[in-house]
Amino acid sequence: MNMRAEPMNPPATLPTRSARRPLWRRVYFGVFGGDALGFAGSILLALLLIVAIVGPLLVTHDPLLTTPKTLLAPSAEHWLGTDHFGRDVFSRTITSLRIDFIVAGLGVSGAVLVGSFLGLVCGYVGGWFDELVMRLVDIVQSFPLLLIAMVLILVMGPGVESIIIVTVLINIPTYARVIRGEALSRKTLEYIDAARCSGASEASILFRHLMPNTLSPIIVHASLNLAAAVGNVAALSFLGVGIRPPTPDLGVMVAEGTNYLVQGAWWMSIGPGLVLAATIFSLNLVGDCLEGRLDPRRMEG
Amino acid sequence: MSDILFSLDELSIDSIRDGERRRIVDHVSLAVRRGELYGLVGESGSGKSISMMASVGLAASGLEVAGGTVRFAADQRPAADQKGLRRNLSRGVSLLFQNAKGALNPFMTVGRQVERALRQKRRVRDLAGEVDNLFRVVGLSWRDLGRKYPHQISGGQAQRVAMACALATEPALLIADEPTTALDVTTERELLRFLARLCVEREMAIVLIAHNLSLVSEYCRSLSIMHAGQVVEEGDLKAIFARPLHPYTQGLIRAVPDVDSPRELVPLVGSVWGGPQGIERCRFSHRCPHRRPDCDRGRPAAVDRDGRAVHCVLYEEVPA
Amino acid sequence: MRIPPLATYVLRRLAISLVVLFGVTAIAFSMSYLLPSDPVTSRYPDITDAQRAEMRRQMGLDQPMVVQYVRYMESVFRGDFGRSFGTGNTVGQDLAIRIPATLELAVFGIVFGILVGLPMGMLGAVYRGSWVDHVTRVLNLMAQSIPAFWLGVTLIFWLYFQLRVVPSPIGRLSPLFTAPPGITGLYTIDAMLAGRWDVAGAALRQLMLPAFVLGLGVVSPVARITRAAMSDSLKEDYITFGRALGLRSRQLILGDAFRGALIPIVTTMGFILANVLAGAAIVETVFAWPGLGRYAVTAITTSDMAPVSTCILLIASSVAVANLLVDLSYAFIDPRIRNEYAR
């Protein structure tokens, strides 16, 4: 027994003064655990997502259209100015946001699917298969992601598909590990044996019993992963091995903007960069808040 | 009563989780005399550990002291002043915990830990000699164990080392929180006998927190019985055992097996935290065979009877 | 003669690492072999096919992969690690100049990251739930979220182009100074050893911004793990017992609790090193720092095989060494583990 004498929990919520707590209070405490930061982060994230989804309707100009009006400072007509090809920076930023979300999102989703499946099988089957896969996972995880990504992308040829595939590959280890851990700890639980006794096939046990319980760690890791993935995609594009121009991408825009900093055209890099930072920040806020909530050690009692 | 060394007066503690506040220690009062072995008994979750920890300023986070006073020797202060209460820890109060091996620092040898505890008091002249002495007092040899790490010694030895640390500052009061629960029966008896001896030899008061009533009955002079954060009966142990007044005490005693007079064991029904919530009431009423509507009208006040105080409406009508 | 068990453990780990690294060379080489285009085309885009074929033959690029691999491995054992088509030097020569540059940057960056991250994490753990905790958490998340490349660019623009408070990002030392005699390869240390404080100062000024940006990427994981580990450690019973014995808070936190938190923190260091190497690639590119990272990036984008293979090999080795050191340090930190090894 913990000697700090944490109290044995009195029974679960019984109604106090009012008959029911207001909805917003229940969501605030239930989902976010009273974490104002996480709440704020999710609002910011929701805003960015809406902007990204509604993107094409919000753009003021065609993001790919080059005009002679190069390097104009931000104005009423061009909210974030124009770049070296006369393209509207604001429109390009919004379009890139969309693209980055999609690429990172697909990459992480793919990693979740493949990684979880791999981890589930490993944890459940065990044996030499488990050993082998875990060794490979170890090796992949201990490498600097960026450099692997660069090499792989160049080997496969630059382009959106390569980036997505690379993102998937890089993030598989995280989910494989997490799911494997959960599978290992649960595969000996009684309800699995009970299911077996009732005649369920091994596959259905795998999917119907083990999977739902692993959902929360997946969500936590996924949000944090997305944040890192968005950053990585932009970084790769910045270095020239990611999304190639003329497709707008936040990293590419910052890279292009660097060349014109000398001339004082700050709006080319600062604007897209801020949006990128805000996106990553909101994803991190949400992920961090969820992580604090779902950490099993936080349970009192 | 001038020989009262330590007392709690109407101590109340709330636990706060997710914005919800629950009273887990409800107006607890008790008094310990100098050199007395005092037992504090209750089921798990009755609030005995929490009360004592809060009384020395070690209330866990998430807990808030809602009221009450603590008196130790000449010092008296509100229980909410946790920081002030903590100062008593270096001025005459020591603690012992259930998990002795966990209580010791895993990165330091046991010898060095006792040494460190010794350095807390005034300038020590012969440090090595005093360490050696302390080891001997608790029945261990520094030469054999001093350079070992906590994970290399047994549970019983660890508890003795913890005792040596606790005794280093020559406390006037030792709060022992279930010190023997994790040990086997033989070691348990040894340690308790040792504690009882210390109590007499050093005139050191000991508050022995336990959930095992029969254990306490062998060694303690006074007793306090808690249930769901409330004290139900408190006072002279012999008086209580001779004639338990509170229905809970009666239930506890009835549930203890007696080798000499075998009888059917009668367990207590219900759970500690059941019954109506959020109102001031006797928190045992929902499990009580003598329950009446009066029980839920407020906290039963203390009634003095035959050398102890009992908190039950059953005794309130008849004037003492 | 009895070999101490710790030594056998180390030797066993080293042996395994060597085998793994051997495998890594094979993988590394195949990856670099598969890179599209070839050094010839990237260097000389406008030559005829006949000329290209001739150049490839001269460079040995027309040989089958296995032969090229063998030749590469020979160069590894020789110590020169092949020849870079980009610089014309042997990779060994290139690395000799570039590794110290990255080392210096990394050391300053990591030290900065730890100096900032450790206290942040500790404050968050000790004052858990208070405004201090929330502020450090937000700062931490911000540090984690700001893309290094954008931060570098923005800082250069703002602090150099606009405010002129930092020197121009042209490398390790402004052309006004000459490099100090090379003992460690770290300009700051070498300059101080030679008594050239002005050079040391200049080198330090050049390091400021890139080390800061690199270090920021270290602050975040360090602060996170410190906060988590310290929180757990502070909840341990022996801390409460220490308080019960009247030990002072500061000693308990910085001494006992921190010692308990060390193992998770040190474990994360291995992961942080990988982070730093990746971050160095970006930071060096942005700040024109002549280090390993920029070398690797250039080599990859120009399909320069020998440097790419060697860089991958180098990175894998440093990560393996770092992990080994981390594992060994456990024995020093925790006496319970010390006994494990002794068995």
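To keep things simple, chains are lettered A, B and C as they appear, and every chain counts its residues starting from 1.
Assume a residue touches a chain if its C-beta (ideal position, glycine included) is under 8 Å from a C-beta of that chain, and two chains touch if they have at least 3 such contacts.
Predicted model only: the values in this text are computed from it and were never measured.
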Maximum centroid distance from chain A, chain identifier (CA atoms): B
Interface with the most contact pairs, given as the two chains involved: A-C
Chain A and chain B: spacing of chain centres that average the CA atoms, whole Å: 50
Between chain C and chain A, distance of the C-alpha-averaged centres to the nearest whole Å: 25
Chain C residues counted as touching two or more neighbouring chains: 237, 240-241
Sequence positions of chain B contacting 2 or more other chains: 58, 97, 99, 102-103
Multi-chain contact sites of chain A, meaning residues that touch two or more partners: 3-4
Interfacial residue positions of chain C with respect to chain B in the complex: 128-129, 236-238, 240-247, 256, 259-260, 333-336, 339
Chain C partner contacts - residues on chain A that touch it in the complex: 2-4, 37, 139, 142-147, 150-152, 154-155, 157, 227, 231, 234-235, 238-241, 251, 254-255, 257-258, 261-262, 264, 266, 269-270, 273, 276-277, 280-281, 283-285, 288, 297
Interface residues, chain B side, partner chain C - complex: 56, 58, 61, 86, 89-90, 94-95, 97, 99, 102-107, 116-117, 120, 149, 151-152, 162, 165-166, 168-169
For the chain C and chain A complex, residues of the former touching the latter: 20, 31-32, 34-36, 134, 137-138, 141-142, 144-150, 153-154, 156-157, 161, 232, 235, 237, 240-241, 270-271, 274-275, 277-279, 281-282, 285-286, 296-297, 300-301, 303, 308, 311-312, 315-316, 319-320, 323
